[in-house]
Every structure is written in structure tokens, then in C-alpha cells.
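The first chain written gets the first letter, and so on, giving A, B and C; residue counts start at 1 in each chain.
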Amino acid sequence: MPDVTKFSRGGLILFLSFLLMAVFSPALAPYDPWVRFEPYLPPGHEHLLGTNDMGHDILSELIFGSRVSLIVGFGAALMATLIGTAVGLLAGYFKGTTDEILMGITDIFLMIPQIPLIIVLAAFLRPSFWMVALIMGSLWWTSTARVVRSKALQVREMGFVQASRALGFSDRHIIFTDMLPNIFHVIMPKFMLSIASAMIAEASISFLGLGDPTMKSWGMMINFAFTRGGFINGYWWWYLTPGLCITLFVLSVVLLGFALEEQEEATMRLE
Amino acid sequence: MSHTAKRWSRYIIAIVIIFSLNFIIPRAMPGDPLTNLLGEDVILTDSTVAELRSEMGLDRSWSQQYLDYWWGILHLDLGYSFHRHSPVSEIIFSRMKWTLLLALPSLLLGGVLGTFLGALAGWRSRRKGQKMQTALFLAIYCTPPYFLCLLALYLLSFKLDLFPLKGFYTTGSAADIAHHLFLPILVMTLFSLSRNYMIMRGSVLQEKSSLYAAFARAKGLYDDEILFRHVFKNALLPIITLLAMDFGFILSGALFVEIVFSMNGMGNLIYDALLSRDYPVLQGSFLIITIMVVSANLLADLLYSSLDPRVRWQ
Amino acid sequence: MSSPLANAAPLLQIEGLSVSFETPLGRVKAAQDVCFDLREGETLALVGETGCGKSVVASAIMKLLPHNASVQGRAVFAGRDLLALGEKEMARIRGSEIAIVFQNPSLALNPIMRVGEQIAEMLQVHKGVSRSRSLQMAEDMLSRLGLVKKETASMYPFQFSGGMNQRVMIATSMILSPRIIIADEPSKGLDGVLAGEVMVEMARIKDQVGASLLLITHDLLLARDISDRMAVMYCGEIVEIGKSREVFSEPLHPYTNALLSCLPERGFQPIPGSSPSMIEPPAGCKFHPRCPQKQDKCMRRPEMVQVESSGEFSGANESTGREVRCWLY
């Protein structure tokens, strides 16, 4: 299906661009985003996107902002995926009471209103972005857990796993050697989609001013634009650009996730 | 344990755990629990502080405090906001109706349109025009809701001056309220729609390759007939729970919409409470939102059971 | 008993039907140059091993193949080439003129739709019958198939056994009195006794409505018992075709012979070698690598040739319609 490849290729290119932007920020940004120039400058030669209320160059802010989105998104997704995979695997493999208990816990976690909880915790803790990633990760593992569990239930019944068990291999061995590799390609798309959710959540938290003030994140840029008169005065370059970046970065991740899902389905059809 | 008993117990346990979390957080967080419970920047004399400490039961044992906490909740006593000089429950309930006015129509519209369009998208996934539509909704899905609001505000209110910039009403007439609500509801609906669209599309894509869909075609049903007579309901059932779980997410989105549009609902209440570190209001809001989300999940669960004959006949 | 309509004009003419699939593993040639006729009122069995392409032929006729299939040839029904029709026109024919009964009835029926409604749907969609009336007619159809209880129609497929669901599917396909019924492995998954019962009912209704039956099966005994004529398929090709009893008593093609020898009553002898790949089939006659009577000629693909039968089963003036694809003839 050619159109899917077109989209996923676009997604890959976008993702890699943002990745490069994040990794090579110091080289790409025209200025250090913390250096002050004249505030509230509109876009011009010296400052392609103008300056904010503190006189920081917006373009540099934008470029460095990719780092926060990437780290928080990745960190949260990684944690969520690790926990989710562990829970799902154990539940799917051991079944019975373990399964019931773990799924019960999963259902409860699913019902916790995530962003409100993050808001409450962030209000109390005033966390760094590592903390934010941690909190998000500890809430988001549920959907991964479900998917991993259903796949684990499937794989468990397959011939080679039964054989391993009959041969007396330890559970631990079976889980790591037999089950995990086969579950991997289900985890990857979920991982990508978790990154997407985490990025949007991070942007939302920062927008509320709960982000880490020592790091420039896109959400915080929009927050400042909103609260420091950028919106009212129509300084679109201040708040539209970070918003666009968030959308595009998330879009690229989602497209990659979809592409991985398509691939996984295609391999399943062949089986 | 019977199926129904299991289900109900899960919900009750969820509420107990989340409410307990709410109890633990202010007491476990760094700092003086009293500040955590009162909020910061609250100016009181030392004697008042001591009084409050004993009133709030902070000098009693933890287990006693826990029981008092539950006692209070069952009496709808969510504490007192010193910033606003009023019981938290009163504040929340007066704001909640506005949030519901914004959220409920959006949820309904977004749900109906989203599942309908999403089903068509999954069914016609290969057609050219469909891909454009899917790409559009995908883009909306990836946009943080508050950014969507900013865009809408900027384009339609600021530049084109079609809609008012803030608030729920200026004159208070029904038409006026509708005018004010139009843009926020539009954005919320798009937000909710895009999520339901994606989920439903995925489900229909899966169901498309099922044998009963092939048999329906073999029976002589043509295209959309197969979708709406057979696939739609089968695709909808497994995702009802998913859609309900999304409710929490969408409600959070509503909060952001209110903030951007400067509307006096729970969103701005939470925002202000955040800025002034009015913890009682924050916690109270959290509780209320939890109840709403858990109820939505429960409703969806019940709905699912009544719709899927396989569950009914267990 | 010879079929009184043996010389009537064929209801369905399959001419040069070839089907191939593009897959990541290569091009699968599922059917090659398949030709046969289906006459009015007759039962034609299409037999062969699993994977020989017989189900593909059925799906091709109904235009139900997946989108990665390419189809060539003609399937002429009532003067029109089905393969040239658009989807909308084909949809009108499916179910009402040509009906198909799938394998695996429990999965082919919509699990959350009442059984009666699934049958009644045929009447509603094709003939515009009202809902209440169509449900009534569906109930009648079910009782004719042995499911007499009134509540049956309002139950769901997941509440039924495989055999009951099979009957529901048959009811669905027969209720509009189609002229052709295609039954794809109808006895699969059902135990011997039940399969027999289902087939008896199906044959009875088929005679009632005067339809022709194209029976796709790997069950040779079933084919022999209920079909008038039989076509044997191997690796996507028809290798022999003729009156069922003739083919059984005097198999002409070496493959047919070998196939019959596999039957318990004939000695249970397996065919040496393994089934050929459909992506890279053998050159010439597909069976020649495993054939006990192969010659050098067999490297070239034989054509179908008419063969005179010994006359035991036909009158002097009747053409026997016996054809074989083998260099031996």
C-alpha cells in the first residue's frame, strides 16, 4: 500500500529532523536561549522569530525546546513500556490469580484521572522534568500492559513455548528467551504512541506553568506567550511556532507508530 | 465471585484507593501538612494556626485522621478554602455546571460524529479522499487541545472578530451564551471527535477482515450496507470501554479549553488554585473529577453489558 | 439414473478461468485454465486435496477474492460474464441468483446478530420485504431445515452448535431460491452423521427450488454420494471430469486413481511425494513428478481431451462428457 509508506516515510523524516534538532541544539541555534537581548522584538534579520518578554531569542528557545519534549516523552514512554511489559507478561504467562490481581490493579490505574493527578502532584512537588516523566510513566503503563497480556496469552499457547515448559526450563528462562522476542513487535508501536501522549501531556503541564523552569520547553514558551501578553498583542511567532512544533513532533511519532503497527499486521497475515 | 460483583468491587476499590491517595498526598509531601492542607500564602495568626491544627485533626493519629477524612467526604465536606473564604464543595459545585455545559455537548457530538466518521474511514481506508480526511483528523489528534483553542481564538475571534474572546456570557441571554460557547464547544468537539475517530477507525479496520463481513458480502450486501448492518456494532463493542476511558482525558482537555477561553468553570478554578497554591480546592477538584471519570467508566461498562448479547447470556 | 437435463444448456459456463495472487513470497498460481459447465438441476462436485485451488475457483466465480488477486477468463451466467460485472451488479446477483455457503459456519455468521435477522436480511436487502414479514419467512425456512422451535430465530450464533449454524447458513443461502448454490466444504468440522444429515437436507431443498449445486469438497465419498458429475482438481488445474459414478469406478487420470486409492475402502495407500508449490509448479503436467506412468511427453502440458466411456452409464445417444488432461489418452 504505497500511501502508507508515503506517510510513514514523511513521519520518519520529520522525527529524525526533530531528533537532530534536539541532539545538535547548541550547534543549530543562533544564540544561547538564555542570553538577553531587547525584549518583544518582532521577527527580523537578527532574530528570525523575534524575542520574548525577557529578550531571549525565540528561535533558539524553539530549537532547545525540542530537547525537553524528547527527553520527557522518551523517558515517560520508556518507563511506561517497561512497567507495562512486565505486568502484561507476568499476567499473561502465569495466568490464574496473578493475572486477576495484576489486571485488577491495571483497571484501577486506568481510572485514575491522569492529568489532574499530575497537576496535583506537580503543584505540591514543583518537580523537575525528570520527575514529570517519572510520574507520567508510572501512570501510563496500563494500555501497554493490556496489549502485552493478550499477546502473551497467545504466545504462551504456541508450540515452542509448550515444548520449553515440557523440557523443564525455568519460567524466567522461558519468559526472556521464548516469549519476549515474540512480543517485541507488539510493544514497539505502543511505545511510539506512549511517546506521543507523553509529549502532549508535557506540553499541557508546561502550559499550566508546572514545568521545570530551568529548562525551556515548548509548552512553557506558549505559557509565557499567553501570560506575558504575547497572545493579546498578537505576537503569533511566539506561540504559534512552538505549538506547531509540538503538533509536528507528535505527528511524526504517531505516524511511525502506525507504520510499525501496519508492519506487525502484515507479518501476522503471513503467518 | 460473580461477574457483576467483581465489576462493582473493582470500581469501589478504585474509588477507595484514589480517595486515599488524595488523603496521603498532602500529608506525605515535603513541608508542613498544615500548609499543604491550607494552601500557601495564607495569612493567619499563630493562635488561629494552632486552633486549625487541632480542628483539622492534625494532632491526632493517622488512622483517626483517615476515618475523619472519610466521614467528611460522606458528608460532602471537602474542606474549606482560605483563599476564597468559602467551603470547597460550594465553590466546586457552582463552577461544575459550567464545565458540564461545555463538556457534555462536546462529548456527545464528538462521540457520535467521531464513531460514525471513524467507521467510514476504516471501511473506505483505501480511497483517495478518505486518506486526506484521516490525515486531517490525525493532525488534530496530535495537537494539544489548548493549542487548538489558541489557533481558533486567534483566527476566528482575534482576526475575524466572529466570536467573543472570553467568558461564558456577557448579557446572559440564551443566544448570548450560545454565541460564547460556540467556539469552545467546537474545539472540544474536534478534540473528542479526533480521538474517537482514530479508535473507531482502528476497530473497523480489524473487523473488516473478519469472516462474517466476507459472508455478508457473499450474501449480496453492498459496501456501506455491510458496514452499517454488521461491522459497525461489532467494531463498536470492544472499544466502548476504550472510549469511556478516554473520557478522563477529554475532561482534562475541557479544563484547558476553559483556561484559554477564560471561562469560569472548573478549569479556571483549578488554574487559579494552582497559581495561588490553594491546595484544598485542588484536592477537592481532583476528587470530583475522579468521581466523574469513574462514573463514566461504570456507565460504559453497564452499556457494554447490555449491548453485547454474549455478556448478557452468561 | 441419468440426469434428465443432461443435454440442457449449461446454466454456468466457466471458460479459461485463471487466478493468481501477488504475495510477498511470490506469485501464487492458484488456478490455471479451469473450464467446466454447470447444468440446470445438477450437482457438480469439485474435488481435490486441500490447497488445490477449488475454493479459489468458487470465490472467483462470486468475485469474492481479495484485492491482490488477478483473475482471467470468463464465467458466463444467464448470458452475462460475471467476471466483467461491477461490484454493485454482482452484489445483486450474490445471494439471490448465486448463493454460497462458507466453511466454518460459526465464524461466518455475525456473532451478535440474531439468527433470524441474519436470514431475514436477505429478503429485506434483495426484495424489500418488510421486517416482520421477512422474520416470519426466516422462521419458516429454519423449521424446514429441522430447527422447528419458535425461539430459535431470536437466538444468537454463539448459542448454537456448529451443525445448527451450518443449517442457519444454508437457510440464508436458500431463502431466495437461487439458481446456483455453491457449497464450500459444507461437511468440514461436522462429524460423519451430522454431515450426512445436513447434506441430505441441503439436497432436498435444492431439488425443491430446482437449483444447481456446485459442491466443493475433499470428501470423496460425499461427492460420490450426492453429485451427478465430478471434476477432479490438482494443483490448480482440472485433471478429470465426468459422471461421478464413472469417475469412481473407472478413474482415467493417474491422479484420480491415486486419490481414490487413498480411501480406506480401497486400501488407504498414500500418494508418494508431496504436494507441489503453487508458486513454482512443475513444468508441463503438474502431476508428472509423482506419476507412476510418466513419460517424456509429460514435460509438456496436456490439453483436456474427450474420452468415450465404456457406455455402462449412458445411453447410446448421449455424450458422456468425460474429459481428461493426460497424455495417456
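Before moving on, here are some points about what is shown:
Please note the rule applied: a residue touches a chain if its C-beta (ideal position, glycine included) is under 8 Å from a C-beta of that chain, and two chains touch if they have at least 3 such contacts.
Because the structure is predicted, anything quoted here is derived from the model rather than measured.
Comparing the CA-atom centres of all chains against that of chain B, the greatest distance is found for C. For this structure, the chains sharing the highest number of C-beta contacts are A-B.
The distance from the centre of chain B to the centre of chain C, with each centre set as the mean of the Cα atoms, comes to 55 Å.
Averaging C-alpha coordinates per chain places the centre of chain A 53 Å away from that of chain C. Chain A and chain B have CA centres that are 21 Å apart. Interface of chain C with chain B (complex): residues 62, 64, 87-88, 91-96, 99-100, 102, 104, 107-113, 121-122, 125-126, 156, 158-159, 169, 172-173. Contacts from chain B toward chain C in the complex involve residues 210-212, 214-223, 225, 229-230, 233-234, 237, 308-310, 313. Put simply, chain A touches chain B in their complex at residues 1, 3, 7, 104, 107-108, 110-117, 119-121, 123-125, 196, 200, 203-204, 207-210, 219, 222, 226, 231, 234, 236, 239-240, 243, 246-247, 250-251, 254-255. Within the complex formed with chain A, the chain B residues making contact are 10-11, 13-14, 17-18, 21-22, 25-26, 29-30, 36, 126, 131, 135, 138-139, 141-147, 150-151, 153-154, 158, 245, 248-249, 251-252, 255-256, 259-260, 270-271, 274-275, 277, 279, 282-283, 285-286, 289-290, 293-294, 297.
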